[in-house]
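Multiple structures are listed underneath, in structure tokens.
Both complexes below contain chain A, partnered by chain B and then by chain C.
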Partner chain A sequence: MTLFGFEAYKTFSRWRTYISFGVLALIVLMTEIVMRVSAREIVGSMMKPFQRDFIIAGNIVNAWFITAFIMNSLHFHIPFFVTLVAGDIVSSEATAGTVRFLLIRPPSRQRILNAKYLTALFYTAGLVIFFAVLCLCLGLALFGSGDLIMHRLGQFSVVFIPEAEIPLRMLLAFVAAVWSMTVVASLAFLFSAMAENSIGPIIGTMAVVICFLIFGNLPLDFFRHLKPFFFTTHMLLWQGFFDRSIQWLAIGQSALILGMHNAALFFIASLIYRRKDIKS
Partner chain B sequence: MKKILALMLFLMLLWPAMPQAQDQREGLRILQALERKYAGLQDYIVDIQVHFDIETFRAPDLQAKLYYKVPDLLRIESKRVVFFPRDGGYFNPAQFKQEDYTILFLGYVTYDKRKAAQLRLIPKKIKGATQDMVLTIDTARLLLQEMLLTQTGGKEVRAVFTYGTFGGFELPTFTRLILNLPAAEPGMAQGFGAIPDGGEERRVQGEITISYSNYKVNSGLADVLFKKDKS
Partner chain C sequence: MESVLQTCDLGKRFGKRWAARGIDLEVRRGDIFCFLGPNGAGKSTTIRMILTLLKPTTGTVQLFGKDPHKNRVAALSRVCGIVEKPDFYLYLSASKNLELLGSLTRRITGDEIMEVLARVGLTQRAHDKVRTFSHGMKQRLGIAQALLTRPELIILDEPTTGLDPQGMKDVRELIQRLAHEEGMTIFLSSHLLSEIEQVATRMAVVHRGQVVAQGAVSDLLAQEATDYSLQVSPVKQALKIIKTLPWVTVLASGDKGIEVRLEPDRAAELNKALCTKGIEVFALYPRRTLEDFFLKVTKGAPEI
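After this line comes the complex of A and B, so read on.
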């Protein structure tokens, strides 16, 4: 626990750790302000297939809708911010030349690695929680509350979640989002344990995430069969909390698969780091 | 002789058009009678409850207050978000103006053990989604019993009405909208242009039911009430 405290202190005393929080705040702020200005246009374009058939009354563009809307881009920008710290957390010791000083101390390599991994997870959770709080607070101030309408673009498909149910579902969705982002953190952590500099793990992690996202969306049978095995497919488990009835089984399966990814990635990182030659 | 021949030829040319004109007159007569029946209806307020039974449209029952004023002013008030069917969702006796439609009389049928006329109305100018409608009107009671709407994009809606009497007017107490729609908007690419299974268009079928209660008829609603949220 002391080691984790030291690692957390080291991480959060670096100014670059806060770049992610700053950029994330900027993205949310800009998105919400633009959406506030063009709320009517958004409703018009998103609800176009329904407006021909239905008279839609009430506040559709509310804080919950905006948050869910921004959350849809979660798997694009948050992984990058996660890798900035998780991809640097182990390799930065080599870059800074402190790895030998660190590893000749009494705590074992495994304990040091555990502390670093926990710090990476702590940072990931902090980032998603910050994102959630900012989205919701700003959203409630700018758009107010209301029922949540989830709609699939171009399809006659709507899920209507009553306002009273939303806070709990939103909380669960963000917990799921934290869990999904920990896989990105684990992947970046593995690359960081393998590398001597921070650029490689950051770019490598993003490359893997982007490749899997593209493969998962290609309309080819080969990739369709593989899609259930991609961690990026299961990273969207939070969306299950915005279905009419929560798909617990599917969410549980995805959470388990992501957990197994985490365990496997950390296990491999531990194996590599314990055997790492720091003398040459 | 030539005059007789010319007259006969003229009558022969007119012969096929005569029953058609007669049919059109029959259709117009029924619509006019329906219009006259509701001529005194100026406005109404009603509480509505909308229930969705569509696989891809998952919503709880929605409650709202509906305000209507002739000819086509409508306002829906609700504290929550409401999706209210535009066509067939509310009773509008001024909806079938003969100057707006080409009216075809399809014939008499037995509907719910009563004699009913079927009319086909084709809008002269297409404003909304509806391209064509077939009305089934109980001729003795002058009640619109059923409406079959064919809409853009291959949508089909069948509206079935149940009536009660309020303020001297027969108004719907319950409406069933039976939908048969394409699952995706036409022309919309799905994913990277995925081809539907078997090359066939997937369709959504379901039902929307609307219950109406607490009618207040001809309470003198002002136009200003409809200005802000006129739909």
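After this line comes the complex of A and C, so read on.
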């Protein structure tokens, strides 16, 4: 068994790993059912500013619309689920005492850490993919397909994307969403490598994410200048795939910044863990 | 004899406090080497440094001639150990734990897992989750995982701690079997003197982070063994003879025997003196115990 297989087996043998999938399924299910029941009012209120200038016809509330709509809450709930596993993956070995078996074996600490990091990323990707598949499948079953007409939050504009273009854009948006969530996983992983219990890394990561989200949205010049450097700002890069024309440069820049965050966080985690004295 | 574990000036400092300092150990192939010391003496710290859980502040470790901190694979693939209490993935079965942990060293088959579980008497519980195991069962499972990788050196940190008398006996017997029947070298830390007296061939005494004595158990105990117990008949006549010998001091006497203090290396002479005067000597043995020895060598050891 490879080290990655070893870590993946352990992670996916624990019932707590599946809490996230269960809660996520519940969120999607509830949202789509409520949308099915009250679609007319929701769309009415969203499109109210445009009704004087546009006549909107056809199946607006379709699977694509619903998925894009639910994706807007992605950076609130998925980070929490990601930290549940990524924040626990290293520190739980110290809590359980199994670290004393694990780190006296021939594989180096770096190799073990690599396997754990890969597992955390694998879980993160799995969670976002699960979310995507569930949203789309349930959406297609309840609402059917159609063109995507979206009101971008905070902007006085409506984006129209023909049905033929949507699958590819949706795929790219979810790839970007996976990428953005890996930064949360990396941050939780760093805290996990530093800690001897799981509570600290989970709370610490959520605290950082929430603080950065709040700072990024405060209408103060100080934070406005810092906002481009917050990883939470770039976590919304997936929204770029629902612009009228895709802004590849901006998306690329955000992806690069997130990638640099990932590399830096993992590098620091490795540095700390390789030198760490195991006293537990 | 080949040295399988050697430490040289090994030390670890936490902040301003040295938990271990200047530790020089040598464990040879086939030894049951006991690392004896009271709680907090630095035994676990030393073991953690040997097994790379702690980075030494000073000194070096050699396992089979290789430094595990620099050449991990070569050094640690021939060693296995249990540091403090054996902890496992509680949500997995015993056999799955062994499979996963064993696979970190080499590919493990199901037959090998069942074989080691049988050796520690856990076959019936192979598929039960470890969370249902008692401490003694976890200890045995810990030894099973150590055996699974077929190590040449097993390092056990206080393996009988928390076990009931039967469990302690089982572990001691298992250790002796591994050393005598399978030729494994055992490095064992303990604060239980009786345990060491029963199993050890060589030992080191650590106190306040420093090694204060090291060598073969019999040599260490014989070095300054001056108090002896005598079982003789008739006792009264023997006592009269002994009192004429200027190099013997009678400490106590009773119906069954006499306690004496001798000048070093004169036990054989005493035996001869009694036998030539027609006294039957049933037993003449040093009264000194490991406990006496331990208390003596640790008395007055400096703080570090």
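Just so we're on the same page, the second predicted complex is superposed on the first by the 272 of 280 C-alpha atoms of A that agree within 3 Å, B and C clash if a C-alpha of one lies under 4 Å from a C-alpha of the other, contacts with A are read in each partner's own complex, and residues count from 1 in each chain.
The rule is simple: a contact is a pair of C-beta atoms (placed from the backbone, for glycine too) under 8 Å apart; a residue touches a chain by one contact, two chains touch by 3 or more.
All figures in this text were calculated on a predicted structure; none of them were measured in a lab.
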Chain B and chain C placed together on chain A: clash or fit? fit
Next item on the list: Report for A:108: first if it touches chain B alone, second if chain C alone, otherwise both or neither.
Entry: second
**Study point:** Touched partner set for A:35, first chain B, second chain C, both or neither
**Key:** neither
Contacts of A:82 with chain B and chain C, given as first, second, both or neither:
neither
Requested in this report: Report for A:127: first if it touches chain B alone, second if chain C alone, otherwise both or neither.
Outcome: neither
Check your understanding: Which partner does A:13 reach: the first (chain B), the second (chain C), both, or neither?
Key -> second
Apex chain A angle, CA centroids, chain B to chain C, rounded to a multiple of 10 degrees, is 170
Of the partners chain B and chain C, which touch A:98 in the superposed model: first, second, both, neither?
second
Between chain B (first) and chain C (second), which does A:176 come into contact with in this model arrangement: first, second, both, or neither?
neither
Notebook entry, point to check: Is A:257 in contact with chain B, with chain C, with both, or with neither (first, second, both, neither)?
Noted result: neither
In the overlay, chain B and chain C get no closer at Cα level (Å) than 47
Going through chain A, the residues touched by chain B and also by chain C turn out to be none
In their shared complex, chain A is touched by residues of chain B numbered 56-60, 64, 74, 76-87, 89, 128-129, 151-152, 155, 181-185, 188-195, 204, 229, 231
As the complex stands, chain A meets chain B at residues 49-50, 52-60, 146-147, 149, 153-160, 162-163, 217-219, 243-244
The residues of chain C that touch chain A in their complex are 48, 51-55, 72-73, 76-77, 79-92, 99-101, 103-105, 145
In their shared complex, chain C is touched by residues of chain A numbered 1, 3, 6, 9-10, 13-15, 96-98, 100-108, 275, 277-279
